[in-house]
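Labels A, B, C and D are assigned to the chains in the order they are written; within every chain, residues are numbered from 1.
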Amino acid sequence: MSPQTTTPLFTGVVPPVVTPRTAEGELDLAGVEAVVEHLIQGGVTGLFPLGSSGETPYLTQTERDEVLRAVVSANAGRVPLLVGANDQTVDRVVDEAKKVLAIGADAIVATSPYYAISDAAEVKAHFRALAAAVDVPVLAYDIPVRTHYKLPMQLVAELAAEGTLSGVKDSSGDDVSFRQLRLLTRGVEGFSLFTGHEVVCDGAMLSGADGIVPGLGNVDPAGYRRLYDAAVEGRWADAQAEQDRLTRLFRIVDVPNGRVSPGAAGLGAFKTALVELGVFASNRMAAPMLSLNDEEAAAIRTILETEGLL
Amino acid sequence: MSPQTTTPLFTGVVPPVVTPRTAEGELDLAGVEAVVEHLIQGGVTGLFPLGSSGETPYLTQTERDEVLRAVVSANAGRVPLLVGANDQTVDRVVDEAKKVLAIGADAIVATSPYYAISDAAEVKAHFRALAAAVDVPVLAYDIPVRTHYKLPMQLVAELAAEGTLSGVKDSSGDDVSFRQLRLLTRGVEGFSLFTGHEVVCDGAMLSGADGIVPGLGNVDPAGYRRLYDAAVEGRWADAQAEQDRLTRLFRIVDVPNGRVSPGAAGLGAFKTALVELGVFASNRMAAPMLSLNDEEAAAIRTILETEGLL
Amino acid sequence: MSPQTTTPLFTGVVPPVVTPRTAEGELDLAGVEAVVEHLIQGGVTGLFPLGSSGETPYLTQTERDEVLRAVVSANAGRVPLLVGANDQTVDRVVDEAKKVLAIGADAIVATSPYYAISDAAEVKAHFRALAAAVDVPVLAYDIPVRTHYKLPMQLVAELAAEGTLSGVKDSSGDDVSFRQLRLLTRGVEGFSLFTGHEVVCDGAMLSGADGIVPGLGNVDPAGYRRLYDAAVEGRWADAQAEQDRLTRLFRIVDVPNGRVSPGAAGLGAFKTALVELGVFASNRMAAPMLSLNDEEAAAIRTILETEGLL
Amino acid sequence: MSPQTTTPLFTGVVPPVVTPRTAEGELDLAGVEAVVEHLIQGGVTGLFPLGSSGETPYLTQTERDEVLRAVVSANAGRVPLLVGANDQTVDRVVDEAKKVLAIGADAIVATSPYYAISDAAEVKAHFRALAAAVDVPVLAYDIPVRTHYKLPMQLVAELAAEGTLSGVKDSSGDDVSFRQLRLLTRGVEGFSLFTGHEVVCDGAMLSGADGIVPGLGNVDPAGYRRLYDAAVEGRWADAQAEQDRLTRLFRIVDVPNGRVSPGAAGLGAFKTALVELGVFASNRMAAPMLSLNDEEAAAIRTILETEGLL
């Protein structure tokens, strides 16, 4: 690897925490505590509550507060909490950020504007206004499949160099941009580059990632930790083998095969796996998303068994 | 025209109301009242506050309340208020809808989910849950440039037939779908089909639209009312001539020519024109959008003069 | 209407001619002659062979020549032939254009580059090189669903004003751009603005179109001619009624309902209707497109009966 | 790595060969021979003429033949030639394939249909008809930025298993799909999985790629060969360091910075670098693409010097 003379603020495996519900559809706060414990026991180095994998778009304001309080309580200061402040535009994001900071966030993760139609200048102003309004690190959440805007690498590099952004969670799937962003931010003290990948984490680490934010990490946090450790220690064949296993495990998201929406398929598979693993009591999704059915749960159980989780 | 034996709930010209700010960037509630008066004097048949043209994505929750209260107060019951309840998913939209109903909305206008990644089944469930939660008409706001989801005409027709949707504001620009949706909803009592077009309103009326929701209607409400009346009375050459004039007027949105974001160009031009017309005191945009400058204002003034508004 | 002081080179109804095949999949040149006669008897004012509706992307070079020769022969000089010169980039388009001119084209219809990744400057150079290489009128074919590039209206207006482009066939579905392009080209002598719409032709005429290029015109040329005549004569209610009928007729393209590809559904429906009308012997599509089956043919027959064609 | 018990037909570094022109714009066949020699001396294991990097979309039929003949002559059987057969639909692709086979291709590389609007069933039929028509291996060229169709991994896996496809050149940038496709084709004898990446080749090799098809490989074939060898031998830190260097070298494509089209920027940079390296006499592009200017050539020279190529 090219010499990395700086120390990133955050590293390791920081899963986006899924949000359980009871069979009746209410928030399951005991389940939130259970998954936090499951993750920390699995060796994660941080938690990312109120991300897309937490069904945050579907949570009311009240529910968001309740979920985060439960995470803060269960975590009890053991790992840093990078918390999503998710809304359309910056004034609304700042309101959200202040709220989650009051509850206990250690850093803010925010997307570029969405629904609003912006340009690069407005996106810069957006992150600058957010960073000016809070006194914790701000990470950009690059997820064009939802925002319909890919954060240009030069823009991120500029905001990193000036101290506005302390990191990125890159869920863009654009690994070419990711590699180049890594080179562009080599000398920026503290800057933390996370991939949102689930099945190319070994490659992302080889590209110079500081950490991983895998939704599938809810199901197998220990596997992702092993992958991360192998990469950091230069045991690339081990990292590759672990990634291949996790890639096969990821096929749980294909089980619904179009019966539910794309949004519900992945998260529904994770929740169903967590039921099978004894962490959750129900795989119920936030309305109007459909939950996975018994047949799908059985197919997921088979994959969990094959890949050594049951 | 094919016989239209039903009576739409809403008809005519219902502009999305723009939201003025002071030169310092604060909400200008006196300006809100001024534009409402300007619109009603121009002959509009309804108002659509808290739409995209109202910079609603940029308004905090508090600001949204203040704007709507000012519209309700200024309107004083003269025309119906179709009010946007804008948020990502249905539980959040319901919260928003209840709030605006408490302030004085006569109908709710809501998009399909955004940021969330849905499918047709979830979109149906979304609108059904919204309609079940409120006791006023619900209109779908079809704006794929923001939601990245085009409402399929068969889906809308089904929701119309069952009484979930009382109408659509179609800002999709898909006039083929619009024409076919009109034929599919011919027999649905009360269903109101509005186009969001500014420059093809005559064609939309020929396709069977019940009304028009033009952002440019903030600038020239009387022009759109003349266009609408001509169409309803079958004076198509008059409608066409009025539309040609309004199309030339619409070129005010091209004035910034890339200096500001696409979102800021159109609304900034409307606001600037309203300053020139003496309705607003400032053309200031919500941050982080840039406002139009003096040179751009001068160019807009020239167009207003050429098209007979000054 | 605003005064139109210029005379367009081409006007009226100019259908893109579909290409019949025998039940065995060979070109059916007798069928080509039959559809040409069907169209001219229906009152069309020109023909557009080797367009997308002619399955031109699927024709070998030899087949393209054969089809065009049959059209030229059957037409026998009765109406002008606007002929597609379809290829990826300009040198190849020029080769194609010279070939169709040798066979008997009266004007060339060409898209912007595709597969190649261009920008506006290259698109201008593309059309200029084409116009310089041929001595007949060149019309731009604006079909972003295939080229993935929308011709900007300012670019077209510039190429029109300088004499490079003699017209446009607009299959973009962007009626806002279409209306504005009409105003921008008002004073350009000879410039001919055609819509590719099938179900909003009345609106396109109200926007100032000079003519119509409807794929469905293969099935009901007389209907489109009545629509066109009514519009030209200012009988808009008649135009609207005819368009409403044709819009219902257009539902034949929905019959396959996903069983075949989008490309095969529309053209397959047209071909099947032409079999039902006795013009074609087979509805066979070019491989690898699937042809419509007997059940689908029966459903199309019912629609043809309902809309007065059988 | 999971055990790979099969032997791929093709492996290693197989660059898409760029096509030089004289300063006057004519094909430079001596330059074709020079770049072939440059590549083979650099250690490439195969050549991919008539790919997108060869400006193939811009070549007339005659020019395509001339280029391929020059490649065949210069190669003199030293490495296998995987040759592009580029056209819109299968009958036309077969015509093209037969022609290049007659000239000396060892395998055919073909995209899914473009300009034509297909679906998965037609894409399968497309590749099956092509494979049936030729007696050499067929590789799919997955390049959605040009075809606007991403080859679904399950479709490719099915065509691989049945023997229709002998490999894929994946230029989709979708590394998640790539990793999963690798696992799906593990047991398919001979199947060859190539990445089109330039800056994430180390990651692609870690994902199980059999080889690399880098456009930048025209400039630095020896660098890519070192990267490939390091990966195959499990020296991942060496692969990573080489990739980091090549990623910095790749910044030559950013030099034009919007002055030319995206298509012209990358290829123009490669050609300009080959002039600086003494392989080409001119960096002239096929019309209507603009060539890079002297200032841009100087900037590229600086990068070449910094990265050790001059």
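Note that in this section a residue touches a chain if its C-beta (ideal position, glycine included) is under 8 Å from a C-beta of that chain, and two chains touch if they have at least 3 such contacts.
Every value quoted in this text rests on a predicted model; they were computed, and no experiment measured them.
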Required minimum of steps from chain A to chain C, each step between chains that touch: 2
Per Cα centroids, the chain farthest from chain A: C
Geometric centre distance via CA averages, chain B-chain A, whole Å: 36
Rounded Å distance, chain B centre to chain D centre (Cα mean): 49
Residues of chain A touching at least two other chains: none
Overall pattern in which the protein chains touch one another (line/ring/star/complete/other): ring
Every chain pair meeting the contact rule: A-B, A-D, B-C, C-D
Chain B contact footprint on chain A (complex, rising order): 57-61, 86, 88-92, 95, 113-119, 121-122, 125-126, 129, 145-148, 260-264, 286-290
Residues on chain B engaged by chain C in the complex (per definition of touch): 1-2, 173-176, 178-180, 183, 197-200, 202-204, 206-207, 234, 236-237, 239-241, 243-244, 247-248, 250
